[in-house]
Amino acid sequence: MIEYTRVIKHETDRVPGFGAEVMRAPGCEKLASCIQCGTCSGVCPVSIYMDFTPRQIMALTRADFKDDVLRSRTIWLCVSCYACTTECPRKIRITDIIYELKQRAIQSGYYPEHFAVPVLAREFTDMARANGRITESLLVMRMYLKTNWLAALGMWRLGLKLMSTGRFSYTPEKIEGRAELEKMFAAIDTPIPDYSPSGAPGEETKGTQP
Amino acid sequence: MPDKPKVGFYWCASCGGCEEAIVDLAEDILGVLDAVDIVFWPCAMDFKKSDVVALPDGSIAATFLNGAIRSSEQEEMARLIRRKSRRLFAFGSCAHLGGIPSLANLFSREQLLRYIYEDAPTLVNERKNRPQLEYEDEGHTLSLPELRHVVRSLDQVVAVDYYLPGCPPTPKLAKAALTALLEGQLPPPGAVLAPDVALCNECPRKETKPTTLAFTEFVRPQQKLLDPKLCFLAQGLVCFGPATRSGCEAVCPQGGMPCSGCFGPTSRVKDQGAKMLSSLCSNISSKEVSEINRALAGIPDSVGTLYRYGLAKCLLRRKVNLPGTGKD
Amino acid sequence: MKDEPEIRIGFYVCHCGTNIAAMIDCQAVARYAAQLPFVAVSRDYKYMCSDPGQELIQRDIKEHALNRIVVASCSPLLHEHTFRNATEKGGLNPYFFHMVNLREHNSWVHSDGSKATAKAFAQIRAAIARVPHHKALEVLQVPIHPDVLVVGGGIAGIHAALTLANAGKKVYLVEREPTIGGHMAKFDKTFPTLDCAACILTPKMSQVKSHPKITLWSFSEVVKLDGYVGNYQITVKHKPRYVNEDLCVGCLECIPACVFKTPKFPDEFNQNLGKRKPVYIPFPQATPQVVLIDPEVCLNLKTGKCKQTCVEACGDRQAIDFDQRETFDDIKVGNVIVATGFKTFDAHRIPQYGYGAFPNVFTSLEVERMINTSGPTSGAIVGRDGKHPDTVGFILCVGSRDEKTNKWCSRTCCMHSMKLAQLIKEHCPRTEVYIFYMDIRAPGKGAEEFYDKSLRMGIRFIRGRVAEVTDWAVTPEEEGRLVVRCEDTMAGFVRRIPFDMIVLAIGKEPQADAQDVRRLFNMSCGTEGFFLERHPKLAPVSTFTDGIFIAGACQGPKDIPDTVAQAGAAAAEAMVLIDQGHIEIEPNTAHISEVDCSGCKSCLPLCPYTAIAFIETTKKASINAALCKGCGTCVAACPSGSITQNLFEDDEIFSEIAGVLAYE
Amino acid sequence: MKYAYFPGCSLKGTGRSYEESLLPVMRILGIELEELRDWNCCGATAYMSVDETKACVLASRNLAIAEKTGHRALVTPCSACYLVLNKTQHYLKEVPAISNGVGKALGAVGLSCHGAMPVRHPLDILLNEVGLDAIKQKVTHPLTGVKIAPYYGCQIVRPYATFDNAYQPTTLDRLCEALGATVAHYPLKTRCCGGSLTGTMPEPGLHCAYQLLKEAVKRGADLLATVCPLCQFNLDGYHDQIAAKWEPVRLPTLYFTQLMGLAFGLAPTQLGLQRHLVPMKPLLPVTA
Amino acid sequence: MNNEPFEPRIVAFFCNWCTYTAADLAGVSRLKYAPNTRVIRVMCSGRIDPQFILTALAKGADGVLIGGCHPNDCHYAEGNYKMLRRFQLLKRLLQDFGVEESRVRLEWISAAEGDKVKSVINEMTEQLRALGPLGMPAKFAAWDQEVEELQHQVDEASETEAAHA
């Protein structure tokens, strides 16, 4: 059941400048041209699972409702299929805007603890940086361990099948140029705030309430 | 005997050809000698700077100065002569426009000295000696004039009354100028003493010029067997006739070489090279950048072609990013 | 300039209300100008183009003995003429005036007031340095040929031609299709009044045909245009219709006689929904009432092996002529009105709407023909599967307001779709009609009321741009139907709605050959490809070429009333020139000084108008001022500087360069 | 013809059979794919959504290595790699903030990337360089009677691809027909398979896969042809979960390269078909 | 000039029909761009004499922008091609004179491309800002310093001479 709660939004619920800030990110500037036609929502293959449609996310972002946007389930559901970006009549790069919002949500810690999407992203980036390549089987194992190891148990049959068909790698793939890669990253490293949520157990979300 | 007007001749940075041009007046030179009193002509007679210094200011009726101004000594002499002369004639392309010496304005003084005293392939100078401005020897100080950073036309150093264009000016023009001087028939100061119409006007090849030039290529004289009668431009040669003052009677075109522009532009043009560029390029036939550039590849040395005699008087005067007056 | 009187410049800077003054310190500009050389009077004023502003100049000329005027205000393209007139009224030669563009090139495009003011200083310094070099010039007058060419026989061309002809002007109307009438002839009813399009258009079409002042050339195209305002030479090509237009009386007996017993070729007039024969007339009221033969499908023209039953049917009239070839006519006119109309968007370009893939997806123009009682279905709405739809969905903005196709609004599709929706509802009230829209644009007289009527008729409006039309069914009622997937943005969720018929409201585009036409008539196009008017507000039917006017949808999408209004305006503009009898041309022509010219011939090939001739007696070049258009190319290229151009003399431009760059 | 080749991580892991079929098939058609020396992860969607600059750094190292090979193009079979490498080139040209960062990172190890090397998908190469005629000539075992639902997925047609329509692509359809197969009208050919969600948010992810499989079954397809390792894994690996949640929609999903291999007469084991969880039905003599 | 950041001066020669009109359109559309450009109107890019460009540089322009109609769109048929041809040699000439290539730019801007006026001017302004001044009048002055210095010496010498006399 969907619970409807009607809320009146006050100006204090806005974070003025949030929309403008998002629009400054590469590829996001065209958000200003959005005419709320809903094409993005219509083409989105996962919009039925969303709390806000992509169109509403665009409206909320532009109207500076940072909290609602960054807490929304929508941004985590994006499957990166770029249908919205391709179809938008204003050529707004909606996928890139969703990426930008995800990054902001991760940086602000606006997501449930043990929430798999950002954990996977983090494990992915760590593995890519350390090894130069991704070993999918190990990556998924690590993700399950950090989020919901019970779920991993549910996947044992799939795991076994993969092992039996030779699609499960036990050892990580590593490139020779790992040091080179690290040097490249170091050249542009800026201290990124630790974005893993470290709130007390049971706390739903962590974030800075405006 | 009434005082004959005093006349001087001097040369600065030049090849000496202009002096030859005076001599080329042939027997007319005798008439000149009758009519004027030459008070200064270091090339032909034994005069010293001190002779000029000794003259009262403005006592010379006219001095004909050829050559560009390249050194401090030339500059100083130009000033001295200017003070002593009532009329100063820039004689020949170098004095008029900077001439060929002013092509040195594409290089810095250091580049030139290094090349001449160190890098030139025919050079034997193992110790890489260079001329010094001052040299002490046995208590005596020997000094040499300083080379200027920029080569100048005469009027870029002192005021000039008249210009006799040409590399060198033709005897006819020189004689006409002298006659005008003697007869008091000179035009208002500032004039170039040659017709203010471009050379095509008197070129015998004008008749053969087609009404439509459509350049597909540019060639240089050595690259092609040339038609002795046909307009050079029609043969794809860069002939400066359209952009150059007349008065030489087209000696070069008559002699089988295209005009290279030594008489300088007409009074209506500020920059002879830019105008010639405009005229030549406008008449390239192609609309494709690649084809245009293929045609223009026939002009490998843009400055040397467009400003052979007039780099000093080009609107930019000099390669812009060379060290300026720094002590190089 | 020894003998000339001392230069005394009057300088005026316009506030343009706040348009200039809000960004540029106009008083500072006036103070700055006051201390520049030769400036005798320097003022700032609220609106220089107003009568008091112009009178100010005239008074100052007299009181201060001014002999040069500089006004710093808006673009010279807008008001140079105004101030030249004021200068002339003040007793000076109008070309002693120069204008500085402080508005379009400065105050409107900058946001830092001090920098804008500094730039203004440079701009006016240039003008004040320039204007002393100005010379008194005489305006050139060119006679105007009184005939007019109208290109395009849609409602715009028809109206323009009739307006001019009724005023007694001789008009050539050239239409490339076999009949005039254009898009309007295809419409059933017209919004918002729902009066029948044919009833209002066909009388005008026959007037065109019978008007003694109009020469109608259908199936013809303009192929060449030379000359200039008042004196255009035009070549018109007549395409062969294989029927002699003068002999055919429109009895149409040849059509049933054709060896093809049934029509089997797509009928363009009916958007290919119907069929026609190789010999045909586009539609019953076609004007001229002359048949034509399609050489692509005519058996005789293709193979030469045909019984020629049509010739037989024509009988003594002998109108059919299989040997007809292209012919050409050369005409002279003074003005041209270009009314070449638009092209509809090709719906195939948006594959997700399924046009061409699903038989029951139609375009609005197809439905227009379908709903017309003289159309291919005699007014019945039927799918390509032969069924009458219970539900019809209109998708708006197909090829409009979409940066991937056409970013502009096509202006009439909202109203057009509502009209079709209403007609469908009227024909069959039980049909469910949905309109999917982004915004309903219903401006204009009666339009909002029409929208309201649509709502009251029960047409369902869903605000959301349709994502796709698919045959992917997920519920039983969707099976076998066309499903529209779309966010209902008002309701806030994504919906799937099944339909029996989808109508795509296709947008309007420039004609496919708009660029060629533009070049032919020396016009400009906007970025979207429609012909560019000289000024969007003040010169909406003029182009940048004098004597070439535009009307109707070739200038941008518009409805019938606006098209007719423009056509009338274009006709009136042409009449102004015709009735003046002559036009004044800017004296910005080039001149060769015979004394200075060396006869080098460099300039001769550069002139696109062959205005430069080599005079054999003097061996020098000379410019025919009447042919010179004043581009100045020869001036720039004259190697000895012997060509000058009025208004753009070397000295004037060199002074401007020095002026804009002089250090404060 | 020789191209630089970027396999991507999946082709060394779960998508092993893609590479196993791609390389022999390309070899038969006279195309040599030279694997980039010491390539690294492209950055993929996961990195892109966290730190675009760093994702571009990862991608551009590969581009830099590829440019050094001097080959005419870089071929990558994985849709995600294809998108990320193309997107990076786009960013390098258009977004100074990112190109500066990338320049700095590459500069630190003496590499440089001009963004001049086209990144292409094998499907693009097959259709536009090799040509269907050349492919048809190699078909010895036409897939007659096999009905294929061509499934492109999202990222090879959107948003940077230019070789096919983003919404109604036809390259794979035409390829399948060239192999002798029948192509089903499949309206979901570019709809996302949900692959990037199945691991993290299973329900919506699996729902996507379920819809795709169900529609393919409904359209009478014998199999889905795919061009992407993630799609293949997602459509092949979760049948138990889909059956448990909705209904069984058992349909094999094959790489287009495997189909080509079969048509060229290669044995199923040479093409890695044994690795698939839903086995291909014995439709052909070769797969019997 | 001293402490203020360098602001390039750009002289723009725009043809009346396309680029000047496009600049008007930029104004009407209220597009904002850098105030560094001063426009000089000519009827056609074919009127642009290379002397104008050299003069602009010599008089202190840091860059020169030439705007004409797109190929095949010239109001006077082919004036823009004349400019294009001159521009090819001019570019090389300026290079030989040591003037950076980005200082002189030829752009085709149609009457409808107000936004291109904006982007070209902004881009050029940025480029020139990064490149720094060409500074011609100052360079002429610096070059001629050696002449002035000598003039001083000579004048002084002659004054003392005169005083002695």
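Per-chain residue numbering starts at 1, and chain names A, B, C, D and E are given in the order in which the chains are listed.
Just so we're on the same page, contacts are C-beta pairs under 8 Å (C-beta built on N, C-alpha and C of every residue); 3 or more make two chains touch, one makes a residue touch a chain.
Fair warning: this is a prediction, and the values are worked out from it, not measured in the lab.
Graph distance from chain A to chain E, where chains that touch are one step apart, equals 2.
Least step count on the touch graph, chain C to chain D: 1. Listing every chain that touches chain B and chain E alike gives C. Set side by side, A-C and C-E show the greater C-beta contact count at C-E.
Here the CA centre of chain B is 73 Å from the CA centre of chain D.
Centre-to-centre, using mean CA coordinates, chain A is 23 Å away from chain D.
Here the spacing of chain B and chain C, counted between their Cα centres, is 58 Å.
Distance from the chain D centre to the chain E centre is 53 Å, each centre being the mean of its Cα atoms. Those residues of chain E in touch with two or more other chains are numbered 46, 49-51, 55, 78, 82, 86. Residue positions 269-270, 275, 278, 282 of chain B are each in touch with at least two other chains. With touch defined as above, residues shared between interfaces to two or more other chains in chain A number as follows: 48, 87. Applying the touch definition to all chain combinations yields A-C, A-D, B-C, B-E, C-D, C-E.
Across the complex, chain A meets chain D through its residues 26-27, 45-46, 48-49, 76-83, 85-87, 93, 95, 98-99, 102-103, 106, 116-118, 120-122, 124-125, 128-129, 132-137, 140, 143, 157-158, 161-162, 165-169, 173, 175-177, 180-181, 183-188, 192. Across the interface of their complex, chain D is touched by residues 351-352, 357, 468, 470-472, 474 of chain C.
The touching residues of chain E, counted against chain B in their complex, run 46, 49-51, 53-55, 57-58, 71, 78, 81-82, 84-86, 88-90, 92-93, 96-99, 134, 136, 139-140, 142-147, 150-151, 154, 158.
On the chain D side of its complex with chain C, the touching residues are 165, 167-168, 185, 187-188, 211, 215. The touching residues of chain C, counted against chain A in their complex, run 352, 397, 401-404, 438-439, 463-468, 485-489, 492-494.
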